[in-house]
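A short write-up of the structure that comes next.
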Amino acid sequence: MNDSPMNGQLKKKLDSVFRDIETDVSDDGRLTIHATKESVLTVLSLLKDEGWSFLQLVSCVDWIKQDEIEIVYVLSSYVGVEDGPDAKGEPYAKGEPDAKRESILLKTRLPRSEPSVLTAIHVFANAEPYEREIHELFGVHFEGHPRLTPLFLDREYKIPPFRKDFDTEQYVKDVFDSVPPIDEES
Amino acid sequence: MSLELLMVVALGGSLLTYVLGRVSSRLRNGFAVLVSLALVAMVASLYGKALHVSYYEDFLGMSLVLRVSGLSWLFAMTASTLGCLSVVFSLSYMKGKERTSFYYSMLLLVNAAMLGVVLSGDLLSLFIFWEIMSWSTFLLISYNGGPALAAGMKYFVMSFVGSLAMLAGLLTVYGSFGTLEFGGVAAGMLSASPGYILAIFVLFGVAFGTKNAIWPFHAWLPPAHSEAPSPFSAILSGILIKMGVYGFLLIIFVLVGLRNFMALGADGLPLHTVLSIVGAITILFPTFMAIMQNDAKKLLAWSTVAQAGYIILGISFGTSLSVAGGVFHFVNHAVFKALLFMVVGTVEYRTKGVRDLDSLGGLIKKMPLTFAVALIGVCGLIGVPLTNGFVSKWLIYKTLILERSPFLALVALFGTWGTILYSYKFLHNIFLGQLPEKYKDLERAPMTMRLPMTVLSIVVVLFGVLPGIPLSVINSIDTSFGLKPLNVTLWGLASDTGALNTINILAAVFAGLLIVWLVLKSGGRKVSVDQADNYAAGAAIPKDKYQYSVGFYAPLTRMVAPYLKDFMDSFYMRLAGWVGGLGSGIRRIYTGYVGDYAMYIVLFLAALIFVQLTWSPW
Amino acid sequence: MDRNQLTKWFKAPTKMAHKYSLHAVYFCTGCGVIEIPPTITARWDAERFGVIPAATPRHANLFLITGYVSVKTLRAVIRTYEQMPEPKFTVGFGSCPINGGMYWDSYNTINQLDKYIPIDGWIAGCMPRPEAIFVAVTHLWTLIDKDMADGYKRYRKHYAQYRANQEQVLGELEWPPLFQSEREG
Amino acid sequence: MRILWLVLSPLIALAVGLFFLGLSRRVMARIHWRYGPPLYQPLIEIFRYFTQKGSSHGVLFGLGIVLSLAGSIVVILFLPFGGICSMSGSGGMLVVLYMMLLAPLGIALSGGEAANPNASIGISRKLMLALGYELPFLLIVLAIMTHYDTISLVDIVSAQRETASAFASFPLVLSGIAYLLILPAMLGMRPFEVVHAPQEISSGPIAEYSGPYLGLVTIQHALTTFIGISLFVNLVWGGAGNPFVFFLKMLVVLAFGLFVNAAFPRLRVEQAVRYLWRWPTLIAFVGLILVVTLGR
């Protein structure tokens, strides 16, 4: 576990500022932060100030056994955020464009029954389509989102299609296989 | 059938319609149609006669004379037929509008004044009827109120300047020759010095130029035409503008005589080339302006200015072929331009006043006859073979090429392609494309509108296929001007330097149409398809949003618009603004206190005494 | 390839004309579309058999449905098929139009294209190669010769069923039925 | 004899035009390293179009196409084809100039009736492009007419055959060059193909044509190519004694057009009109001035 100073420094700062988060560094040196529903926006804005100013994407995982839905924010930065060796081992100064930039994962767990969280648009404006997609396909409600209208799907689904308890084979049987083939004789 | 009776019927008819309007509108409509029909019959019966009668003896020691010649008969005939057709057209156009009896009487008054101008034998009666015409035109242009008032005022100021110029010319002629009759003036002119003739020509040229809306004086025409009620703008654009042409023909051929007109102007730059250059500019610049317009009547107004350029180009060359081309083009333009304005009037009537080219479309499905008539009118405007426009333009082009002035021919021919662009935009944006939802249940044009349009379209095709009929009349005008007559056959012109034979063209086109139609019929089954069943890359057709007519020639507009600033119009506007400023400056003198006025008198007297003491001029 | 046998031209001119000028609709659904450009350009040159891409369905008589048909694309496929002029032929390209292919259990991909529009020929394979298109074209020739490429006749004959299936999957369609059921039999 | 020729010349024009279309497709294929269709492929396509069902958008839809094709046929009657011209005596070059506007007008009317924005955009581009190449074209035609001081095409052709074709006689060589520069625009070849662009506006005005209408459009395209090339050969290259030499000259002109077609990308309308109003117009204008000044 190459505890690169960049993650270490940030890890210490986050632990000191926030009570209700745990941070751990995966074996390939990527920092993962688990935050609660309430503190996730403050962590996001702090990371943004720290230099992680690019929200790559917002994703979602359906933990059906723990009866929870997890929202994952993947952040990265355009410029080197801390001093330290870059990919080729030469030292890089803070602010260097081609510095090694790991992406940071910020995860938060929501109850599966009625998952809802504050929208991240005020911090990262480009989160809007991702949140809209998650709302449509996972049924997560984002308070404060300007338009949670349908993005891809053109019809109503009782259970949002990407959830694990959505039985696709059954749906295909009901909707597509129920269509009768054309019988030529009549 | 004396001329006085004709004038009495014309003028009396217009006054009587106003009175009858008080009694009942139906009676007035019938009477108006009756009067105009009677006028047409009376003028038709004058064909070939050379009457000369003075209807008022000693008006300031002169006798006012009415006369009819070949030229004035043609103008009178066109004016009366167009007047009658537009009265019939406005029967249903004016239904439900207020002040209709005023409108009808003014319409007939304009008609009568035009006949007066054309039939007058001396300059004074010409001037009198000219003023009546200008006045009634101003009242009719500003009939709709609002922007029409401004357009009417602009028209009135410019034609007022023109009338002043004519009055000045009239006085100088009376001063030097003592008589105003055409014969006397023409005799006087023979011995006049070229400078004097040039001055007279310029004065009358300004008067007739403003009325004919040639390039420098065209500023009033587009707003006036688009604001006037459609039946009247049909007359205004068709025949009233051409009174300027009649004036030019009068000066060049009757008063000044062709020889010294050709000799006029500095040796390097003869006047007739200046006139033809002005004509060429009048073709090119308004054609591109017309391409830019998206108001149907403004587009047609600019097209009128452009077509007037063709006529001036024809007249200014002074050979028998060119004058025939110019006069024939005047008749054709009167016919198809009135037709096109009536088409816009019909569309306006049915769509409750909409004439913006960006919000119409697909009306061919609801008004097929109006489209057919508009197509014939547009073909005449462009000059497609087998229509009347083609023959007159063919004459003009032939003179331009054979007189070895290819650059003017270039402008004229290039103007034709410009005409195609804006007339196709006119047809496409109104009749073709997707029919908007709100016009789904539009009915066809009413009978009283369809009749005049069909008559005019028949004339367009008739003069195109058998040009011999009008050309023989024009030949008699050529001979009356002392030019060599053309050897006219019924279907064109037989001449060594390239003949025109419309019957061959007709036979060829008809055979071609027949063959191709048979080939099409032999093909597979034809299924008629609704406008919603259209190719849109698999998507269904959105209602009201699948029409391309806004910014129809956007790339061309982007290229040409910066060079098209109408600097003559802005010059007039600046001039008007300057005069307004001067006027308000002077108004400050009238402060309204009697004391100030008393002071002015005392000061003035003091100044007089002072002048007397120092220089003692008395 | 009996294009230059004159006797055939005199015996059945319509069939020969359709065989040797198959204009394919330029309609790209699913993943198979990447196979079309090499087919019509230098490497395989479909033009020597008279097969060229047509700009609009109005000009075309061959409809190549290349790849999976999602529910939304089905709407466009039906619309394009109905806009093509009569004798028209359709070829399903790849395994997805046949039975849904690897998207058999997807919630937004239809399984059997055959239920919605008539198909004259199939090309199996998960994105078949351009040679497979030529095999399909030659098969289509034999079908046309034997009058078996009668997809458009079947569509007209059983239009009611086709329309019902379309409406069952797509819900309300924005365009009116192509054939009024009582008029066309 | 004249009646026979009246019937025969449109058929010959059609045959030559279709041969040119087939040839151009084969030559383009060869340039792309492909085999390309047989030479009689356009014939097959026309035959197929006529056997297909045509969807019509109203009376004017068919009438427009019939009008434009009839216009092209009549123009062919006026054009001398190697020493033979059937309608030389009824109007000359001015009628040809005017009849040539019937074809685009006919297609424009029926394209507009098809109520499809692709068609309307194609038509407005066609008319703007036509305005573009009309200016130099008129300069050229007027220079030639003033030089030979006649408005009849047959006199121009015979005059050019005695003295020398336009490329040889001094003032007209500029007009010849200018005509060569605008020829791809008049034939609708690649640099100026924006009107029927299949990708952008799905083949422009003819987007909604199917079945027999499309057959007529293909015939119209063949005839327009024939007219464009034969007008060039007649006006500037001095026509020919017998039809065969005339055909060879047309082949050379077609080859020039095809190589330009293969080498250039498709210009936008603005670029095309800006080009047409710059170099060809300048050359033709200088040509006209020379003709007028020398002619005096």
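The chains carry the letters A, B, C and D, assigned in the order they are written, with residues numbered from 1 in each.
The criterion applied here is as follows: contacts are C-beta pairs under 8 Å (C-beta built on N, C-alpha and C of every residue); 3 or more make two chains touch, one makes a residue touch a chain.
Only a predicted model underlies this, so the values are computations on that prediction, with no experimental measurement involved.
Chemist: Report the chain ID whose CA centroid sits closest to the centroid of the full protein CA set.
Modeler: Going by the distance between chain centres and the overall C-alpha centre, it is D.
Chemist: Which chain has its C-alpha centroid at the greatest distance from the C-alpha centroid of chain C?
Modeler: Checked the centroid distances; the maximum from chain C is B.
Chemist: Per the definition at the top, count C-beta pairs in contact and tell me whether C-D or B-D has more.
Modeler: Between the chain pairs C-D and B-D, B-D carries more contacts.
Chemist: Using mean C-alpha positions as chain centres, tell me how far chain B is from chain D in Å, no decimals.
Modeler: So the centre of chain B lies 36 Å away from the centre of chain D.
Chemist: At what distance in angstrom does the C-alpha mean of chain C lie from that of chain B?
Modeler: It comes to 59 Å between the two C-alpha centres.
Chemist: Give, as an integer number of Å, the spacing between the C-alpha centres of chain C and chain A.
Modeler: Taking the mean C-alpha position of each chain, the two centres sit 42 Å apart.
Chemist: Specify, in ascending order, the residues of chain A that touch 2 or more different other chains.
Modeler: Counting only residues that touch two or more other chains, chain A contributes none.
Chemist: Two-or-more-chain contact residues of chain C, please, as numbers and ranges.
Modeler: Where chain C meets two or more other chains at a single residue, that happens at 56, 58, 83, 85-86.
Chemist: Which chain D residues sit where two or more other chains touch them?
Modeler: If we look for residues of chain D contacting two or more partner chains, we find 51-55, 118, 202, 207-208, 211.
Chemist: Can you give me every chain pair that touches, using the contact definition above?
Modeler: A-C, B-C, B-D, C-D
Chemist: Residues of chain B touching chain D in their complex?
Modeler: Per the stated touch rule, the residues are 362, 364-365, 368, 371, 375, 382-385, 390, 394, 397-398, 401-402, 404, 406-407, 409-410, 413-414, 416-418, 420-421, 424-425, 427-428, 431-435, 492, 497-502, 504-505, 508-509, 512-513, 515-517, 519-520, 522-529, 531, 533-537, 546-549, 552-553, 555-556, 558-559.
Chemist: Can you tell me which positions in chain B touch chain C when the two form their complex?
Modeler: Touching chain C from chain B are residues 524-525, 530, 532-533, 535, 537-540.
Chemist: Using the touch definition up top, name the residues of chain C that touch chain A in the complex.
Modeler: Of all residues in chain C, those touching chain A are 71-72, 100, 104-108, 110-112, 114-115, 118, 154, 158, 161-162, 165, 168-169, 171.
Chemist: Under the stated contact criterion, what part of chain C meets chain D in this complex?
Modeler: 3-4, 13-14, 16-18, 20-21, 23, 26, 41-42, 45, 47-48, 50, 53, 55-56, 58-59, 61, 83-87
Chemist: Along chain A, where are the residues that touch chain C in the complex?
Modeler: That would be residues 153-155, 157, 161, 166, 168-169, 171-172, 175-184, 186 of chain A.
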